[in-house]
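Structures are listed in the sections that come next.
Heads up, the next two complexes both have subunit A, just with different partners, subunit B and then subunit C.
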Partner chain A sequence: MNSFIAFIMGPMVWISAIIFVGGLLFKFIGIVQSVRQKEPYIFSYMTLKHSLRSIGAWLVPFFPKSTRLRPVYYGISYIFHILLFVVPLFLASHIVLINEAFQISWPALNNSLADWLTLVVIAALLFFVVRRQMVPEVAYLTRPSDYLMIAIVALPFVTGFLAYHQWFAYRWMAVAHVLSGELMLIIIPFSRLSHMLTAPLTRAYMGSEFGHVRHARDW
Partner chain B sequence: MKPWTKKYIHRKNKMKKWTICATALVLMSATGWMVVFAQEDPYVERLDTWAFESPRRPGAVFSHDDHIMDLDDDCSICHHVYEDGELVPGESSEDYYCSDCHGTEPAPDNQMPLEAAYHNLCRDCHFDRGKGPVLCGECHIKE
Partner chain C sequence: MQTQDNTMTEKPKETTDPKKEKATDPAIEAGLERLTPERIRNTINQVLEKETGPRFKAYVETCMSCGLCADACSYFLSNDRDPHFMPAAKVKNTIWEMLAKKGNVSKDFLREAVRISHLECNVCKRCAMYCPFGIDIAYMMLLVRRICHKLEITPQYIQDTVNSHSVTLNQMWVKDDEWIDTLQWQEEDARDEFEDLQIPLDKVGADIMYSVIAPEPKFQAGLIYQAAAMMHAAGIDWTMPSTPGWDNSNMAMYTGDNEISGRIARAFFETAAKLRVKRIVMGECGHAFRSVYDIGNRWNSWVMPPFEVVHALAFYHELLTEGRITIKEKYKKKVTLHDPCNVARGRGLHDKARQVVNMVCEDFVDMVPNREHNFCCGAGGGVINCGPPYKGERMVNNRNKAEQLAATGAEVLIAPCHNCHSGLEDIIHHYDLKMEIKFLGDLIYETMDKKIYTPEK
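Take a look at the complex of A and B:
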């Protein structure tokens, strides 16, 4: 069992990190190539200024008009996306592991604060599930794979929360936590979770089309 | 009724049933596990945390006697002596505290801070020997 744990906490971390970074890189190259083949004139009006302006505008909470029209959904979505990165990256236990592997370290969240923020992440994911069932236009577009995606994101947080509290089956919970984190990293480039790459690209395109061609705003 | 509406309602009902079943299953197994495993711990021997200013976790569970037996009375495996970054073979340091050499904060003359020293020594040995706890909560068991 120890050698299995050594594998999933050692080589498997590298494998999933390489698939995550490499997969997104290949996806990016693929997108650029297919634009070049199908609609190369897009590049003629893409500008860095309008791209960054649109990305920036959509990063400011409630700055874009459509986010103000649905303040609850976008509010929860903003908080969720920030915590999705902040909680794991600033968790004391994760920083300890990184420090022992690479001798680098940064300030950590207080453990009990991180505990509560984990519950906020899980609550936000539950909200997304309920929204997919209750809002008719969203329910109509929802496929089972949408719930699967939510489950894949929820698993590392649920297992991490349960492992931290050591309520039951600690060893299995910790193993499930490591594996589900790696599963999420591996699946990102091959699923709609890749919007962490494609969303800024969409904004760059829309920002250029609206800003540079139509001289209008896209927020 | 339009055909796409019909299909949508049918699919939604099916999904609802599936969701309810899955949720019920997860909740039931969770309660089951908690009843079985949430029992009071007997007394456990732990490492002292006095050298740390504000320890984030309870001291690691540790039985000195078990380790003496498993390591054939070779104290120097844990109570080692390093000089200029090199292990001095045969020398041992039972008369010192770990924190006498390993300060809590990393510094140029303290390459192996106390926390990392414990983690590396215990965990790496448990990995190498294929026995003993290796995950955070297996040593830092909640009090």
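Take a look at the complex of A and C:
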């Protein structure tokens, strides 16, 4: 059993990180190659200026009209996506681990603040679940995989929260936390969670079509 | 009209929607009769695998089904927020299902797919502006139409226009001599008003080739008269082609008959090339502009059109700002302006259009939302071209447009696009809106100084 835990805590972290980065990289290269082969016209229309203009417009909170029509969902979603990166990257205990491995470190979030922010992430995910059931148009679209994705993202935060507070079975909770974090990293490139890569690309293309060809705004 | 049904998650297909009981289309039904499961499967897989690429794949794999596209769609808003009409649901009920079943779908499914892609989407691309990821749902609806075309289950009326394109290179079965006759008839009539006015045919080396869609010679020849009057008063060196290739409309673009669509655009550009004109000016039509500015050139491997293509809105702007046409007395009635998708969202001409309206009219009130965010006319994208059998549901499906128009309190609606114009005229009658509908050219013709041009020698 100890060797299993050692594997999860050691090599598996590396493996999942490599799959995450490599998977996204591989996906990106695959997309570029496939565009070259099958749809080279895409490169004829994409411009850096209009790609960045569109992505930029959609990064400014409540700038696009669509986001103003749904301020609650959009606001929560916006904060959620920021915290999804900020909380794990600036968590003191994560920085300690990275420091041990690479001798580099950066300023950490205050622990109790990080704790609260973790709760915010979990609350946002709960909101997404409720919204999927309550809003008719979203319910109509919802597939089981939508809940699965929410669960995959929720697990590392829930287990991390429980492990931090050490309320019960700390050791197992810590293992579950690491394991679920690894699971999320591994799944990202192979699921719709890869929208962290593809969404900027589809946005950039649409932004270019609107900006470059259509001389119109797309927000 | 609509049944409020929130249990649609479970049974999307069985909702009792009165609209769906109505029209049966002989072309769709006869086409479905002919289909075999193998042909359905092979066609769907051929289109989805061979005619798409990473773009389609990214759209399918990136949608997080957040539902933000819903608020973009006139169909959704007009049908009391029935989820069935939201853009992503149209993809779910067509493309997702085809992919999940690897093309093994039933004839009932296809009947519904024709309906969704041809009658419940104007491919106006408003939803692409409401999706945070910029997913192009119109592109996917056109893919569904492409599949329907290959399965030969395209609605009858619009298929007939494509047949006409195929045979005559114009949309309305206008014969070659009828076309020339019509132009000469308009020229003759206009000479009563403007001495020496000419509609120059096939004038090689003219500055401008003026082109129209086939419904103009067929039913609205007066529009050619007005255009000729403006050209004359402005002293433009212009010409119109007497040979096939004069029609800039392109219904094949909307049925997924890409081969014919490409032929039409190619013949059009070749006609302009033959006349060695400097640029092409076109009448107030949106889809025709989309065809020659955005779609037809691509099919013929031009990144951008081989000629400068100027839509009427931009041309009017040029004539008025350069003072080639002067307005004698501004139009008095309160007017509002509809932004057609293909020239506003499709070419950013909405601001120029407003400047022109303000130069021509005294009292302009904007509708809300406007510019790129304007609501669709509900007729474009080939929907109105599916014909009278579907008019009733088109009226129901565009209730929100009627509400938007009524809120302006305007007496006159300017719709600078043929499809929008016809669709909105139906809307005005159906909802009994006390409004007149006009092209922008109608107002310019009415208000302009009708001077007789004499060349400076």
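Keep this in mind: the second predicted complex is superposed on the first by the 217 of 219 C-alpha atoms of A that agree within 3 Å, B and C clash if a C-alpha of one lies under 4 Å from a C-alpha of the other, contacts with A are read in each partner's own complex, and residues count from 1 in each chain.
Criterion: contacts are C-beta pairs under 8 Å (C-beta built on N, C-alpha and C of every residue); 3 or more make two chains touch, one makes a residue touch a chain.
All figures in this text were calculated on a predicted structure; none of them were measured in a lab.
Undergrad: Go through the superposed model and pick first if A:I5 touches only subunit B, second if only subunit C, both, or neither.
TA: Only subunit B; A:I5 stays clear of subunit C.
Undergrad: Under the stated touch criterion, which partner chain does A:A92 make contact with: subunit B (first), subunit C (second), both, or neither?
TA: A:A92 sits against subunit B, while subunit C stays out of touch.
Undergrad: According to the stated criteria, A:E39 is in contact with first (subunit B), second (subunit C), both, or neither; which is it?
TA: After superposing on A, A:E39 lies in contact with subunit C but is clear of subunit B.
Undergrad: Identify the partner contact of A:A169: answer first if only subunit B is touched, second if only subunit C is, both if each is, neither if none is.
TA: Touch partner of A:A169: subunit B, not subunit C.
Undergrad: Would you mind checking which one, subunit B or subunit C, touches more residues on subunit A?
TA: C
Undergrad: Answer with first, second, both or neither: which of subunit B and subunit C does A:A139 touch in the superposed model?
TA: Both partners, subunit B and subunit C.
Undergrad: Between subunit B and subunit C, whom does A:A199 touch in the aligned arrangement: first, second, both, or neither?
TA: In the superposition, A:A199 touches subunit C alone.
Undergrad: In the superposed arrangement, what residues of subunit A touch both subunit B and subunit C?
TA: Touching subunit B and subunit C on subunit A: residues 139-140.
Undergrad: Which residues of subunit A touch subunit B in their complex?
TA: 2-3, 5-6, 92-93, 96, 99-100, 103, 111, 129, 133, 139-140, 144, 147, 163-171, 174-175
Undergrad: Taking the touch rule as given, give the residues of subunit B at its contact with subunit A in the complex, in rising order.
TA: Residue list for subunit B touching subunit A: 8, 12, 15-16, 19, 33-34, 36-38, 56, 106, 115-116, 119-120, 126-127, 130-132, 134-138, 141-142.
Undergrad: For subunit C, which residues are in contact with subunit A within the complex?
TA: 6, 8-9, 12, 53-55, 57-59, 61-68, 70-72, 76, 81, 83-84, 86, 88-89, 92, 128-136, 294, 298, 303-304, 344-348, 369, 372-373
Undergrad: Show me the residue ranges of subunit A that touch subunit C in the complex, using the header's touch definition.
TA: Residues of subunit A touching subunit C: 30-31, 34-35, 37-39, 41-42, 44-45, 54, 58, 64-67, 69-70, 73-74, 77, 135-143, 146, 192, 194-195, 198-199, 201-203, 205-207, 210, 213-219.
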